[in-house]
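The two complexes that follow have chain A in common; it is paired with chain B in the first and with chain C in the second.
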Partner chain A sequence: MKTVSLTIDGKEIRAKEGEKVLWVALDNGIYIPNLCVIREALQSPAACRLCFVEVEGKDKPVTACTEPVIEGMVVNTQGPQALRLARTAFELLMASHPVECAHCLSRDSCELLKIAPHLKVRLKIKRLRGLPRGLPIDSSSPLFIYDPNKCVLCGRCVWVCRERLGIGDISFAHRGFQRVVATFGDEPMARARCSACDECVTVCPSGALCFKDGKGPKEELNRPVEKSKS
Partner chain B sequence: MKVDELSTITAAFQGIKERAESRWQKLWHSGQPVILVGTATCGRAAGSLEVLQTLRDEVKKQSLECQVIEVGCMGYCYTEPIVIISKPGYPSIAYGHVNPVIAERLIKEFILGDNPCLEFVIGALEKNEFVPSFSEFPRAEYEQKIILKNCGYIDPEQIDHFIASGGYEALVKVLGMPPEEIIDEVKKSELRGRGGAGFPTGEKWEICRHSRGRPKYVICNGDEGDPGAFMDRTILESDPHSVLEGMVIAAYAVGARYGYIYVRAEYPLAVYRVQVALRQARELKLLGKNILGSNFSFDIELFQGSGAFVCGEETSLITSIEGNPGIPHHRPPYPAVSGLYGKPTLINNVKTLTYIRHIIENGAKWFAAIGTEGSKGTAVFALAGKVVNTGLTEVPMGTTLRQVIFDVGSGIPGGKCFKAVQIGGPSGGCLPESALYLPIDFDSLSKAGAMMGSGGIVVLDEDDCMVEMAHYFLEFTQWESCGQCTFCRLGTKQMLEALGEITKGKGKIEDIDMLAELAEDIKAGSLCGLGKTAPNSVLSTLRYFRDEYEAHVKEGRCPALMCQELIAYYILPKKCERSCDACVGTCTVEAISPNKDRIKVIDKEKCVKCNTCLVACPLQYNAIVKFSPPDQVPASR
Partner chain C sequence: MTKEQVNHIQETRRILKQFSRKRGNLIPILQEVQGKLGYLPREAMLVIAGFLGIPAIDVYGVVTFYNQFRLNPPGKHSIRVCLGTACHMKGGYIALDAWKRRLDIDSGETTPDREFDLDTVACVGCCTMAPVTVVDDKPQAQVEPTKVDGILLSFELEKEKASKENL
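Let's look at the complex of A and B:
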């Protein structure tokens, strides 16, 4: 496999040609916020718009999850343009995410709480309007609660259920602002085909799916890959 | 290609052409009158099917030997239903606003008698002594019809009409050329994609030709969704074969085996006529296996979209054909490299493909001589909104907006003042009066803050509020957003909420800056073209009409007197006529009553601002006025 050398935030890195910038950065200890992308998946949906980076020679920021590395590439994860876009995207997400962290069962594993300080964004967004979605909470399952109001529509649960487990019990429904993760016919989780395997709960980054006891395992989907020592 | 194969193709086509031409000659030179009725959607909406039925019934009743033929739209949609009568001894005359009564008269007086009913005439098709012809109209000076040439003059459901007017000759010519040469020709013509973004067509073809992967696909994007745009629909309804011919040529050039025409299901007539065209082309071996006896095979399937605006974006259109929800994905890879089912896919707009046969027939040089430096050829516009001559027009690139709106479109109705023009649909922008002298092409429009888009022009007059306009278009894009990416789903919603508050007079001055900032971020950060262009209507109105935004926010005043929450209705006592009760009777909520002097007074508490009274008040009194802000209304006696 051909490797290329590039620099990310001044750090010289060798990586597989064509690998996406996001994975190369994460594997080398450089954090770039991300929610929707899954390493095991073939393609990134590029939907959360948080992983903007600046690449020398490109006049606009690009999403790190879709940008393949090439020889001699110079990536800046802290460029002002990229940070501005990532911050706005995060602010937009937070403006329609109920900020009730004190009572949230997922606060220990919440990825939004990890991204906010990284982007230096306050959790309560002042410049935007709060856009609550006012959707009913589904606590029908004996194991977990599904609160669609907290959902950031990253699609990890949908991917795990459909692609990894081959069940496909949940999917995206509706369009635009009404877009939501739902079961077929919007049945409560307990009544749907859901077998309560709770894999979707373990990957949820925003507390929309959380265990009723607030504990339970959490899986870090995009954990850095250890380099084999050779 | 071998010489004998080429001669087989030519011979096969010669037979088809001779047959078509003899039928065409028989139709026009049989010594009998021919009646053409425009039955595209615009005509049908105005009642052309009743006219058609009346004409047919009348012809039967009088046992006349004249043919009544359905044709598409000529572009004069404002005067539909249109009937053209070609009677020996007379020029072909077009009649406008025909209804069944007029249709009956035309048969009785013109076909049977000798009175050409000049009171209903719009114009003659060819120059003559006694009726003004279309070529003498002021708009003819600016128009140049290339792809609309056949529209309204041939029967879209008869392939013979198309072939007799020179159709499929470009295909025959192409089959004897190496594909590289065709691509070269298209490149030299400098044709740019007419779907909106204006990507060089020849370049796209070349990328697709050189992409590895089999089979390759050609898709015609007919998912026209802009409010107020109807160019693609009209072409598909009036001249479907010219699109098919363009597709076959494109397929031959890039080496594709299968093709799709993506038409939205809301265009039932276009769907039907394309299906008919496909069947006829297959019967004559102009489509399918071994086209005209050559080694080249290509077949087209019609795909009906379910009417999502975002499916006009190429990647979501492809996902939609694959059977998934129409949701865009990241580019690159571009469809020309990896598209439908992961194979190289050439995707072009209806208009782009329609140009192809003309470029092949007349040469790249001819095409490149029309238009401006960076944008060659003509532009097709759908004129809608506050303009006298609504309809379709085709003008060379570089024509000014003024010429299109005032010379072709005959200006604003009702003696109102021009205010702005929304060009390029919801993705485009609003341009003010100062842009009227702007020569229209891809680059000048995007510089001015609008875009060519697919070619919809909505004209706005002094009664239109620009904030409300921005709100309307943003509401459309927000509603049509697929909801996948953060910026489009939540960003446009934030903007919409802010705009909504401004139109209600509840906006804050910071909102204007927030709108501008957020709009820039949404433009730069969105995943697909829909999100990237969604804020354009807000950005362009902010750029040219910021004072209107500020009037709403600072003074609670709507300068155009349009935003309902910011206006109040008032009856001028001096103008109100005591003996008239028109407004009282029409008020839906009984908010108007006469006072002791029998002068009518509006109860502000009850009034729902439905505008009915203003319409009802007889013109000679014209007593009802609107005030903004509402507290400007004088206290009633």
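Let's look at the complex of A and C:
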């Protein structure tokens, strides 16, 4: 595989040609916020709009999870235009996400709690009016709780259920602000197949799906890898 | 399984004979089935999912995405509350709330006796009559909560009259 050299935030990096900017950055210890992308997936849904970066020579910011690296590329993860887009996207998510971290079972694994300080955005959004969804919490499963109010519609659970496990029992339903991750007929999660499986819980970044004891395994989210200096 | 459900499955299977097992046929199939049954019952969606070889949730996702598909059987009388711009300004939501309260159902639902189904529309083109509710394809003007009571009372009287005549 051909390797190319590029610069991210002033750091010179060698990477495989065609690899996405997001993975190259994370592998080299540079964090770019992201929610929706799973590394083993062939394609990123590019749904969360948080991984915007600026690339020299392009007049608009691009999503790092879909942008392949090319020779001589110069990437800036801290560009004002990119950060503005990412911040707004994050504020829109948080405007309908209940901020009750003190008694949220997922606070230790919550990705939103990590993204907020990185983007320098408060959890309680001031700029936008809060719009709570007021949906019922599904605690029918013996293993986990599903709180659709905390869902950011990243689609990770949907991907895992469908592509990794080949089950396809949960997916998006309804439209617009009513859009939720649901089972067929909006039935409780404790139905036969969902009660035996909790794989979706391990990939949820926002606490919408969480284990009842607040512990349980959580898959490592896409965090930067610090390379040892040698 | 009730007789109605068995009938729904048979009708759906009959309609599916005209289609190939292509995923792209999902919406035409749903339209055809709804055209025949009046709505998309659970059992029909499951048959369609099996036919196309896709998860049932994918059918459900499409059905709940598009306004044209209904999950509830149509009632004898259809109530369509306009929430277009003019009706919105003149209190369309008040009319909708009145209907919801009187019929004890939510928008998109049907009363258990299948007499009425309630839904919203975005402008029916007679904004001077706002707020409008289209009752059985007839637009009703200036629908306030008292008018809702009036309309429902006229249906009740009609029903009483019909049952007396039948006796």
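Quick notes on this structure:
Note that the second predicted complex is superposed on the first by the 218 of 230 C-alpha atoms of A that agree within 3 Å, B and C clash if a C-alpha of one lies under 4 Å from a C-alpha of the other, contacts with A are read in each partner's own complex, and residues count from 1 in each chain.
Everything that follows uses one rule, which is that a contact is a pair of C-beta atoms (placed from the backbone, for glycine too) under 8 Å apart; a residue touches a chain by one contact, two chains touch by 3 or more.
Since we're looking at a predicted model, the values are computed, not measured.
In the superposition on chain A, contact of A:A41 is made with neither chain B nor chain C. Once chain A of one complex is fitted onto chain A of the other, the partner contacts of A:D169 are limited to chain C, with no touch recorded for chain B. By the document's definition of touching, of the two partners only chain C reaches A:F184; chain B does not.
By the touch criterion stated above, A:R127 is placed in contact with chain B alone, chain C being left untouched. When the two complexes are overlaid on their common chain A, residue A:L143 makes contact with neither chain B nor chain C. Which of chain B and chain C touches more residues of chain A: that partner is B.
Residues 172, 174-175 of chain A contact both chain B in one complex and chain C in the other. Chain A meets chain B in the complex at residues 43-50, 52, 60-61, 63, 66, 81, 84-85, 88-89, 92-93, 95-96, 127-129, 131, 153, 172, 174-179.
For chain B in complex with chain A, the residues that touch the partner chain are 308, 325, 329-330, 478-487, 489-491, 493-494, 497-498, 510, 514, 518, 521, 524-527. The part of chain C that touches chain A in the complex is made up of residues 42, 45-46, 54-58, 60-61, 64-66.
Chain contact summary for the complex, chain A toward chain C: residues 162, 167-175, 182-185.
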